[in-house]
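By written order: A, B and C. Residues from 1 in each chain.
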Amino acid sequence: MAELITTAGLTKSYGEKLAVDSVDLSVPEGSVYGFLGPNGSGKTTTIRMLLGLIFPTAGEIELLGHPVPKETTRALVDVGAVVEGPGLYPTLSARRYLQRMSRYGRGERRRALSARAQGDAIAVAPDIDAALEMVGLSKVGNRKVKAYSLGMKQRLSLANALLYPRRLLILDEPTNGMDPQGIVEMRELIIKLASQGTTVFVSSHILSEIEQLCTHVGVIQHGRLLFQGEMGELRGQLPARLSVGTTDQSAAGQLLRARFGLQPRTEESGLLTMDRGAVAIEDIASALVGAGIGLYRLAEDRPTLEEAFVALTGEASDVS
Amino acid sequence: MFLEELGYVIKRRRTLVSFALLAAIPIFLGVVLDIVGSPGGGHGQGPAFFDKVTHNGVFLGFTAVLTAQLIIIPLIVSIAAGDTIAGEATDGKLRYLLSAPVSRTRLLAMKSLVALIYATAAALTVVLVGLIVGAALFPVGPVVTLSGTQISLLDGIWRLLLVGLLAGASTFSIVAVGVFASTLTDSTIGAAAVTFGTVIILSILDGIPQLAHIAPLFLTHYWQTSIDLMRSPVVWSGILKNLLEQAGWMVVFFGAAWARFTTKDILS
Amino acid sequence: MSNAVSRLFKSRFGVRLAVPAVVAVGAVGTALIYPQVVSASVPSLAPKTPAQLIESALTPTGKIYSGTVVETSGLGLPSSLVNQLSGGSTSSGLSGLLTQALTSGVTANFWTDHSSSLRVQVPSSSGEFDVYASAGSVWEWDSATNTATNVKLPTGTQATSGTTSTTSTPPSPSTIADALLSHLPAGATVTVDSPQYVAGQAAYVLNLAPNDSSSLIGSVQIAVDASTGNVLGVWITPTGSSSVAFSVAYSAVSFTAPSSSVFSFTVPNGATVKTVTPSTALSPTGGSSTTTPSVTHKTIGSGFSTVEVISGLPQSSSSGSSTLMSGLLGSGTKVTTAIGSGTVVTTSVATVFVGDNGTVAFGAVPQSVLLADLGQA
């Protein structure tokens, strides 16, 4: 699978302070890539470098095969972006705003179109109505933006990213300021776009929001990329946890300790929990049953993204 | 993108207010002259051609634009030029414009071009409103040049338009300085204030005899040469110097603006 | 600080800024230094002797039909006079121009057909003063006062360019040079300086240094067009000074005949029309070159220390109505001389005596020499 974003040793320093430190990103086509990190970890700085808005101190970027910042505009033809909150014109309506934005880069879009093979054509005409529809602003599209709530403004920013069919969406904290309903809709929209073949690079510090939609994850902290890989891989880094419920918990505990070398703890609920280690679940089940202990619960709990994140960074993701 | 930018600027409320202010200058001058009449004696007091307006309404256009050229037009042009980049940087709009497939050089060029058109339109507004108000309030007829010769009304109007174009072109250096200032800050007001301040300081320095040997470098130095169009024959040397002066400032400051904008980290 | 500067030059911005910075340096250089380079650059011309140069200057081969004449004056007039003149209420028209010519300088454009027509245009920042002279009629036009003045020449006098140029405008370089060169035998060391560009023309420079130590004039330089022999400029430097006190030079010349339309003038509608005869049209200083029957004229001394004495002019009190004249008299020193009491005004290159009885004497000599000469009058 082709990589839509790759960076090598990407670094940005402001004076002595390293905002991004030797980050090697690799975002495969077709993925929904969650770029995770606490506030101030370097997510936004990285995204701005990907879009050519700020210049790296060191390192290389390739966006859709084009080096950035050298060929930023050629890459951006296929990229929709939401960068760190909305940037709107208060006196324009949503519709007029999208019209204005769609007129930027039309020349480059046409040039790209004529250079491409027929089957790989890109849209030159924006679909403003469709974009408003997708983000649920159709009914208020003629209202001036200054009357919008923060969530509506965020939706409008997203609509701008969706003016054309894109190969890649770069969304920096797209759910900022949205109500729970909006967050759910955003999630559904991303899933829908991904199913249509759009690669989505989405940053967030609220892991629960994107846990169910990401196929790939990158975790950044203090400007350094701590982990990058498939979602399952991140979870797999944490040992699987067992919870055991029996008719004789103390006997069960002794047996698990003696036979398998496990370290069960008794929870408030009365269940025994422990890291599974390399022990197979069916061996545990047969051992307990064989010892005449009544077994009513034996479950393996998958670790949450949040738990994996805490284990990786040593801090909760949502520190804000 | 160019038409979008032009349309966006034209429809702004700030533009409407600015151009209303510009139109008010000839209207105000014309009404005052209509009520109180020509200044007594007529010994070249007041703005250029001021004493001729009541005899020939065409001169209202000249008087108005030569008056507006000193403060009002530079002020309005400073604001428009200072707004080009800084205005987009406020509220984080710039990062979205640059997330579109538009090179920074192109964006800067388009914004600058629109500002140059804006400056020209500002000067022409004064001239045209002056001409209309002058024709409505006073008699119009063949125009007497500064050399005492008479030219046809049509020729006079043509020269009036040229004076207007020159007044606009005289502010091109201001546009360049303003666009550069605009790439240095996120504040429209800050960029506009620096630009207008530069113009005012240079026009003050221009009058200091001790600086006479460097005064030809000041962007304001040849502003008054547009009056040479009203001589017979027209004296072109000063006008050409003015255009050269403006071109020099444009190359330097648009160049600096390009250097700054194409290498700037967009953090807003 | 130097650290910050070096960082700037290493940054991308610094590298790109180099482009406009180089242009800026180039533009400033072009605007400020280039003219000096041009004026300092030496045209390569075949050497000529002073005698050859004088001859070519007195017999030019091509005619200058139009151009711009720049007159500058740093005569060192008494400051009280300068203040009075430049502060004068409405120094418009001819007297204003004369004031300006004496205190700072005048730039004028002119056109001539070398037979009957002359046009002089003196532009100012807000207006213009013009002279239109063609066969039979001379008009002065002042845009500031919207006044056209018809100068009625005495019958029998032709309105030629020669007459009008001495009445109304700064004298052209060639008229001054002719006057100087005709005085030459009286003792000046004549040398040829290195050539210069004047009005874009390669020109020889003749240097006249008076031998007479009693003259205020230290040196006179005359630029002679290498290709046509026309005098392109005259610069006068006072004794003991290195800065030019008075100069008249072309800044542009054209050798092609102008369109006749530049000479035509009809009084515009609404203008004030005046008619004058030359005696009142002329300024007080212009009187020196005109002789009217009642005036007697005499020279004392020779060469650069010649003193001209003119008697029988109208009493100074009656001609004192002009700003210039009253200013001149007000700033001078009251003296009593062999020919009566009067006022002396000294400048860096000339001294003028205006007697109460209508005698005027002037010359390029110090006050003491002038007053001593008057004893011989």
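Here, a contact is a pair of C-beta atoms (placed from the backbone, for glycine too) under 8 Å apart; a residue touches a chain by one contact, two chains touch by 3 or more.
Everything numeric here is computed off the predicted structure, so don't read it as measured data.
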item: Distance-maximising chain from chain C - centres being C-alpha averages; value: A
item: Closest chain to the centre of mass proxy, which here is the mean CA position; value: B
item: Interchain centroid distance [CA atoms averaged], chain A/chain B, Å; value: 51
item: Distance between chain centroids, defined by C-alpha means - chain A, chain C (Å); value: 84
item: Chain B and chain C, separation of their C-alpha mean positions in angstrom; value: 37
item: Chain A: positions in contact with at least two other chains; value: 55
item: Per-residue overlap in chain C, given as positions that touch at least 2 other chains; value: 12
item: Interface hub residues of chain B, defined as touching at least two other chains; value: 263
item: In the complex, chain A residues that touch chain B; value: 48, 51-55, 72-77, 79, 81, 83-91, 100-101, 103-109, 112, 157, 160
item: Complex interface listing, chain B residues touching chain C; value: 42-44, 48, 51-52, 55, 141-142, 144, 146-150, 213-214, 216-217, 224, 227-228, 231-233, 235, 237, 248, 251-256, 258-260, 262-264
item: Complex contact set, residues of chain B against chain A; value: 1, 3-4, 8, 12-13, 91-103, 106-107, 263, 265-267
item: Parts of chain C lying in touch with chain B, wherever the complex brings them together; value: 11-13, 16-21, 23-24, 27-28, 31-32, 68, 90, 92, 109, 121, 123, 125-128, 130, 132, 139, 141, 143-146, 148, 252, 261-262, 264-271
